[in-house]
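Here come two complexes built around subunit A, the first alongside subunit B, the second alongside subunit C.
Up next is the complex of A and B:
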């Protein structure tokens, strides 16, 4: 799948994460902002990139602002962003989680 | 149980609700660009986010938060409460720059007993105000002392542990609220008993709102002052009974005696040195203490149980109190002490030590017998006279100058009053007037009986006989 346009999902509320996807050319690049980046940054990035791979996306720039989201929330918000960025239907494909 | 009913929520449900909430917040901030927005939610993990019990918990905490907003003079410009299956959210638009509001909400989260279960966010057009911005410490985990975000992210605690902690916080809170409601109730009843007693009229030989011939140095106002001054004393008695954990209940009596001495001092200050309630301080104080003890131990306030505890508390009261009397100078003796030495009368101490037999045998049954519909004043007046017939009132003996004849005449009149059918017949009513006249003529008083009436009223109120 290919990123067609910039898309945003999620909020800046606590226990949530905001994912901004834009087109990329250098594989998957993730820029993460999080209060728990030191301890959990790798896990958060891994959850995002696994979800992208699940949708067959290999080129994308991600800006993520984490407010203490759990993995299931990170995946759900990433999927929503992908759906919007690829012009897929608003119906989320939960099988990818 | 807090989480046993309700509509389970999926992650998609919860996230969708969050999106709606954020959109609503943006709309409110646009509508009120100079105000701050307070957003109140519960911190509830798991699939169940909303049901009746959760709503109860939310409402109790939310009202407390609003109380503190009003107390701090914040002006609320708008308010919305969402009750969604994904959880409850309250939005309050407040005239504030946000910082003072954030301080208030952090204070609520940290110090209110249920505060840890709430998330109170403060938003302005510039964004959410964080604890960090105001140099406040980060939020700690519900269970351990680590920062909340760390435990949440690492899922250090199981869902069951979190739910259990929340439930136990809520149940403890409810228990404390119930207990403090009960304490307020009992202390109210004690004060009510004092005020009811003095209001009953016309009483022979006692102060009432119309007449205080028998006691020129005090009137109804003195009694009101005295009754109000005793509230802290009843509170201390209640707490002593509630917290008593030793075995020997006589120790409990020893604990409250100094409280009674202090209460007498307060009473004398309130009344400018007049003895209005010395007897009531003694007997009602013991009853309040025993009531608190029984309720804490058995979760009931059965009168028989309370009286058993009174007996246990005062097991050796007469013997202990009167054992060294003969060594005291006669002029220092009270009427009760003198009458014990001269006639072996044990007075109020004997009455208390035996668990108020006069009240059990004559006061409460009489209240039970007459219909609730009857005029309250008349019922209590008759109870007073019933008690007067069946007790040895040390105050009456003293005022009668120890004359058996005078006391007998008073008793005979009261007896006739009841035999004639009390207030229901003309001859009963006329005998009542004779009682009043006789008490006035001989300057008699029923101070000891009045104390028994107070305790009878207390038990009457406690058992809904009044």
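Up next is the complex of A and C:
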């Protein structure tokens, strides 16, 4: 799948993560801001990357601001951002989820 | 505590009084028309009737962000208000945001994904989202291998005159590559795309000159929000230093610019202060060359404001001494539209 436009999902409130996604040309680039980046940065980026892979997205730029989100929240917010960015909000790809 | 975000209508006296009183309690006292009139939307976070936090949007700029210090959860109210404002912008398809704030709040914004563009002792500017300054610079960069001598000129060119042309030609002769940045703020008699087009046409004969839009990063610095400054005396210095730092830290650094050319400005006090501060901030890393303004035989200076004056006075036949052929052609073809803009109240004075 291809990113068609910039999209945002999630908030900046506690236990949430905000995902901003846009077109990219150099694979998956993730810029993460998190108070627990040292401890969990890799894990958060991995959860985002895997979700993108599930949708067959190989080119994207992501800016993520984490406020202590659990993996399921990271996944859910990434999916929402992908759906908005690919204009696919109407027809969910359940297999990817 | 049940927190709720609600819109505040600043045109409504009751809302305005509540908002103003809240901001005054946290030390913001500047409610001048220039600052408040630009606000498109204001949000308040309430616990029942009590206002806990507020923030506003002016275009894609966050303004008047304030959180009551005596409530529990100051940090989370701050995050909520910024989150709400960013969400409102996203609904409009805007994913790129700026904030101008006191230096002590820089870290709080960085925790929400803002990146520092420049910090002075009076204030700082940060941005967030896409497209950001890295995207802008990657788009205009001419070559991966830096050439020896790269220069930059920033101009409003409202419109492009023989004075501008002389300045660009001078830089073109003395350098391998010249970037001409045309300020993108749409506030003058000539619209942004018209100004950009005329600069491109007027410099077409110079193969080492690259004309680009200043984008969001070379705006009219005089419009930087300044409501949070402690003293109005700091205003020009704060605005111009910030502008000069963005140029130095980002634009010159990334594009390997080693000289900045400026036109002398004997008539405008603000511009002469600006040139002075620019020199202070940029040197010694970047040299600043001030090129003297050319005068006509009769002593008249070539200036864009002079050109606009002549358009307003219907003296198009006196323009060929002031502007190149390309600009003259545009003015002749669009004289009616330009005059209509002047009639509708477009200012012709100023820079």
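In the analysis below, the second predicted complex is superposed on the first by the 89 of 97 C-alpha atoms of A that agree within 3 Å, B and C clash if a C-alpha of one lies under 4 Å from a C-alpha of the other, contacts with A are read in each partner's own complex, and residues count from 1 in each chain.
Please note the rule applied: contacts are C-beta pairs under 8 Å (C-beta built on N, C-alpha and C of every residue); 3 or more make two chains touch, one makes a residue touch a chain.
Everything numeric in this text was worked out from a predicted model, so none of it was measured.
Contact with subunit B, but none with subunit C, is seen for A:39 once the two complexes are overlaid on the shared chain.
Contact with subunit C, but none with subunit B, is seen for A:61 once the two complexes are overlaid on the shared chain. Of the two partner chains placed by the overlay, only subunit C lies in contact with A:20; subunit B stays clear of it.
Subunit A has more of its residues touched by B than by the other of subunit B and subunit C. Looking at the shared chain after the overlay, A:12 reaches both subunit B and subunit C. In the superposition on chain A, A:70 contacts subunit B only, with no contact to subunit C. Taken together, the two complexes place residues 11-14, 35 of subunit A in contact with subunit B and also with subunit C. On the side of subunit A, the complex with subunit C involves touching residues 6-8, 11-14, 18, 20, 22, 33, 35, 61, 63, 65, 67. The touching residues of subunit C, counted against subunit A in their complex, run 76, 79-80, 82-83, 86-87, 90, 93, 95, 110-113, 128-131. Considering their complex, residues 10-16, 35-36, 39-40, 68, 70, 72-73, 76-77, 80, 92, 94 of subunit A touch subunit B. For subunit B in complex with subunit A, the residues that touch the partner chain are 11-12, 15, 18-19, 21-22, 119, 121, 127-128, 149-150, 152-155.
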